[in-house]
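The data blocks that follow each hold one structure.
In what follows, chain A forms one complex with chain B and a second complex with chain C.
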Partner chain A sequence: MAETRRIRVEMLARVEGEGALEVDISDRKVQSVRLSIFEPPRLYEAFLRGRAAAEVPDITARICGICPVAYQMSSAHAIESAFGMEPGPEIRALRRLLYCGEYIESHALHMVMLHAPDFLGFEDGIAMAASHGDLVKRALAAKKAGNTLMCVVGGREIHPINVRLGGFYRLPTRAELSALQPDLARARDDAVGILRWASRFNFPDVERDWELVALRHPTEYPLNEGRIASTSGIDIAADEFDSVFEERHIAHSNALHSVVRARGAYLTGPLARYALNYERLPAHIQALAREAGLGPVCRNPYRSILVRAIETIYVCEEAMRLIATYNPPREAAVPLTPRAGVGAWATEAPRGLLWHRYELDAEGNIRTARIVPPTSQNQPAIEADLLDIATRRIDEPDDVLQLACEAAVRNHDPCISCATHFLKLTVNRR
Partner chain B sequence: MARPRLAVIKFASCDGCQLSLLDCEDELLAVAGAVEIANFPEASRAVHPGPYDVTLVEGSITTEHDAARIRAVRDETAVLITIGACATSGGIQALRNFADVGEMVRAVYARPDFISTLATSTPISAHVKVDYELRGCPIDKGQLLELVSALLAGRRPVLPSHSVCVECKLASRVCVMVAHGTPCLGPVTHAGCGALCPGYHRGCYGCFGPAETTNTATLAAQWQALGASRRDIHRAFRTFNAASEPFCREADAHG
Partner chain C sequence: MTALVIGFGNPDCGDDAAGPLVARLLAGRIAARVLERHGDALALLDVWEGAALLVLVDAAAPMGTPGRIHRLDLTTDLPRELSVGSVHSFGLPEAVALSRRLGTLPPRVVVYAIEGWCFDVGGTVSAAVADAVGTVAERIATELSG
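Take a look at the complex of A and B:
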């Protein structure tokens, strides 16, 4: 007898932005799974046309309130490469420091306030605070340390005002940065605490065979730069992105999906960065990863919380190192040298690879803009994940299946506001 | 007495303004103790039905569906507060109001027929009555805490409506326009950020939108005297609060 069941979630919670999810089940078989992004289109790539290059980092920051630095960095680097501008090593170090602040803030929020409640059976981080108050407070303190770092280097934590093409408007003083060290040291210890706490969670035993895609850099754990690499052998510069990846427009979504032309779905984000750059982590952080049960590659999306903790430890230490070795450059920014050309660049946003490409005229105005955010790259992999979960747990009650699907999405820390160009859960059983 | 019930609702936006609430790291658990967070999907999957005592609304109206949704939100709340430039002035996505939205959709999406969106991005006040507005792209979390505290205490919130220029003087900053010849929107921009940009040696770029009283034409003339082109002035007023009347008018004068 054909079974008809229907589950609907109007809006996926504890993710950034608006999306819905739909699972169609009939004859005891999952027919299809789809993640729809109903976040309304804001049309950035269209209204960037005709803007002056210098305006772009302020404008692209507004794509995402959670990871504005990622947008500022990918756009600034891409345009600088088109203009042949080369900010020196000191500017480079300061940008990496700012990016560390965004990782701390974003990962601390996701690990404890958005992700951990799924493992412990709470609706949210605030409800979790009643019985796990110490951990919630430690996460909030770590988050604050990241935000404070962003305020000092960037001017403010959401939509920083101090980033410009060529560098910064004002250089922080050594004293301003040194004052951050005690809180960063505590945030680092808090991240170790979160890692050990989360390592005792009951993780579903799944392994995904996705192709993992991330930047890889010859000497450092990648944030601002590197070649685009994958576990299946991709190794390209940012301007070769289109030769390997393809954006597709799917009917149920206001976002575009990205796939590897030759193979299909892939995953970007913490699991990919970690797998492709494990050897770039210092030995004592690799030891912490082993202690938490992680090998050099982690293919279990639920354990991404542990990888985020490892990355948080790393960026706290990296921020402290960058501050200790801070050498203010003579000028806060190198001069703007507009010329006609094309520039493409990718940086590692906390939730994954963020690729930008700009075509500019001789006066430095934007002719065309393309932005490929991490969540639209991850969407096909997330849907594959959902299909597997819905198939394996098809006999469970609707509310249990629904929570399992929601949690599977939250594993990936999707940023729907960014991807619009995502979630409500509907399970249709027929 | 029952705790006031709070909802946080999103329309077209970047999530940054509601993130400001989660960014109140030192105060978040206290706020969560003083109010019942009844509907805040970015923070919790527990969504309790209305009515609500206070609703924070982020984002602008860009779809027919959202135009209907904001009316339902208004019907369910006693006090409606818009948070940020999108909700109070239409936000940066209001740049579509000055262009052909169909052409813009075709520029971004391979299948424009999959996309349903309005020709304009409009503030919440264009659709329903708004009780309080917090400006900024993003809002200032100090202002958010002040407003929530005032509502809890039953007093009027202290939210200055003067310009960034006044905040800059109060902070004893050197005027970037007078001292360095840097074009600055501080004289016509609404207070709230604490004159952040001049403190970082750059001119204000107007992300809090127009102050209560503005003289944009005189400021534009001063920008020209400092060497700004008509196009520079047009763009400066046509960015994060493009659809707010004083900025819209001044941008048109230099279009």
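Take a look at the complex of A and C:
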């Protein structure tokens, strides 16, 4: 008689936003896996129409509480591109510094409070704190350093308010930035401690053959700019995105799925950035990666915690370098002259590529807006990951399979709020 | 070792201002540090470490009686169900629970929760909550002077 099983996770923990995971199993075969995002559509792209370009960085920042800088950066760069201007090297450096703060904040929280409990058998980071208090304190201290950097450059730690088209509303002083250096140095050392701690975790031995997609920049580890590249040969400018990638509506999800037109699912995020930009990391950080067991490419999603630690070390050092070389521009923002046009830009949010495209009228008002966040791009790859796990572990009890699926989702630090914008798991066995 | 009062909430989100408004009424009036805070509650762990007594004042979700005052003498964690549900922005229940496990929670913690009605961005404080703000301030002042 055919077996029918249904496993249902009403709320998948430690993932941002509202969604569900449903696994259908019949005749001892996994028939389908659906990552259903039921958080309501937030309609940002629609209500940006008609708004003034200057409002866009502040509006889009509200899409996400953990990566608002990514939204501000992608939108500001895209609109500036449409207006045919570049804000100059000093503004560029200050934007990169702000982005470093967001990475420290986001990665420190995810590595220790959201991801590490999966490897150590704790329900969450709070339960883990009783026996791993030192590491939790180190992560919180690192996160605080990121928060403070965000406050000084961005005006506040959540939803910064100091970013504008052409630059900033207020420039930080050298003294304000220099005061951050000791905490950033400690955060860097804490990230090294977290890397060495996490490198001793018992990682499942899996390799995924995803196409990895990330920005690539000729000289630096990418945050704000670069060409969109992949491990299968994509090498395009941001305005060519639609020629290579396609967004598809999927019935079970309120978030669009993105695929490479020619090949299907792909992955953005830390693993992709690292693989495509390993040679952009300083030699001593590459050595730390090797010491932690990482090669130049990592295709094991569980080891993404190590890659996040490497990136955290990098952005702490990069922030310190940018502060040490800070040269305040003459003006906080370069004046913009609106013109009709189209601008597209991609930056690297902590959880992956964030692409924006705006069409503007001659007065600088938004005619159309498109936003493709990392989680919606990663959904097909996450579903493929889950299908493989459910297939390999089909005979395991429902509660064990459920935990394995939840952990697999958390490997990717998805932000479902961004993609529509959490998670129920349902396994149907028939 | 001192007493610390933290009014927690966003002053620009209607009744969420209850905590900060209580703090403003108490600042300079009582023998305790008085702070206003909002946003990521994890940032509070450093703030309250070392205090002998911690009084947290926060707005509570509507439960049918706007302005109703709940006083909790915390010997255990706050129910996690009270949290607002964003893993990227920890609320007071998570911050208290984490601090207790890290050994940084003050030895005595009192929570005043004021039931709110409307938490709209840019909204004003409802009349019942405004009344409760004054009452809670008086009760804390009395409690700390005893």
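Everything below uses one rule, namely that the second predicted complex is superposed on the first by the 428 of 430 C-alpha atoms of A that agree within 3 Å, B and C clash if a C-alpha of one lies under 4 Å from a C-alpha of the other, contacts with A are read in each partner's own complex, and residues count from 1 in each chain.
What we mean here is this: a contact is a pair of C-beta atoms (placed from the backbone, for glycine too) under 8 Å apart; a residue touches a chain by one contact, two chains touch by 3 or more.
Note that this is a predicted model, so its numbers are computed, not measured.
After superposition on chain A, the partners chain B and chain C collide with one another.
Shared-chain residue A:169: touches chain B; no touch with chain C.
Applying the stated contact rule after C-alpha superposition, one finds that A:125 touches each of chain B and chain C.
In the superposition on chain A, A:59 contacts chain B only, with no contact to chain C.
When the shared chain is aligned, chain B and chain C each come close enough to touch A:109. Shared-chain residue A:46: touches chain B; no touch with chain C.
Once the two complexes are laid over each other on the shared chain, residue contacts for A:157 go to chain B and to chain C alike. The wider contact with chain A, measured as residues touched, comes from B rather than the other of chain B and chain C.
After overlaying the two complexes on the shared chain, residue contacts for A:140 are found with chain B and with chain C alike. Shared contact residues of chain A, touching chain B in one structure and chain C in the other: 13-16, 65-66, 109, 125-127, 129, 136-137, 140, 143-144, 147, 156-158, 417.
Those residues of chain B that touch chain A in the complex are listed here as 10-20, 22-23, 25-26, 28-29, 32, 37, 41-47, 62-63, 66, 91-93, 95-96, 99, 101, 103-105, 107-111, 114-115, 117, 137-138, 193, 196-197, 199-202, 205, 207, 232, 235, 239-240.
Only residues 13-16, 65-66, 106, 109, 114, 125-127, 129-130, 133, 136-137, 140, 143-144, 147, 156-158, 415, 417 of chain A touch chain C when the two sit together in their complex. Contact residues of chain C toward chain A in the complex are 39-40, 42-43, 45-46, 86-89, 94, 97-98, 101-103. Only residues 11-18, 39-47, 49, 51-52, 55, 58-59, 62-66, 68, 109, 113, 123-127, 129, 136-137, 140-141, 143-144, 147, 155-159, 161-162, 164, 169-170, 247-251, 253-254, 256, 332, 406, 417, 421 of chain A touch chain B when the two sit together in their complex.
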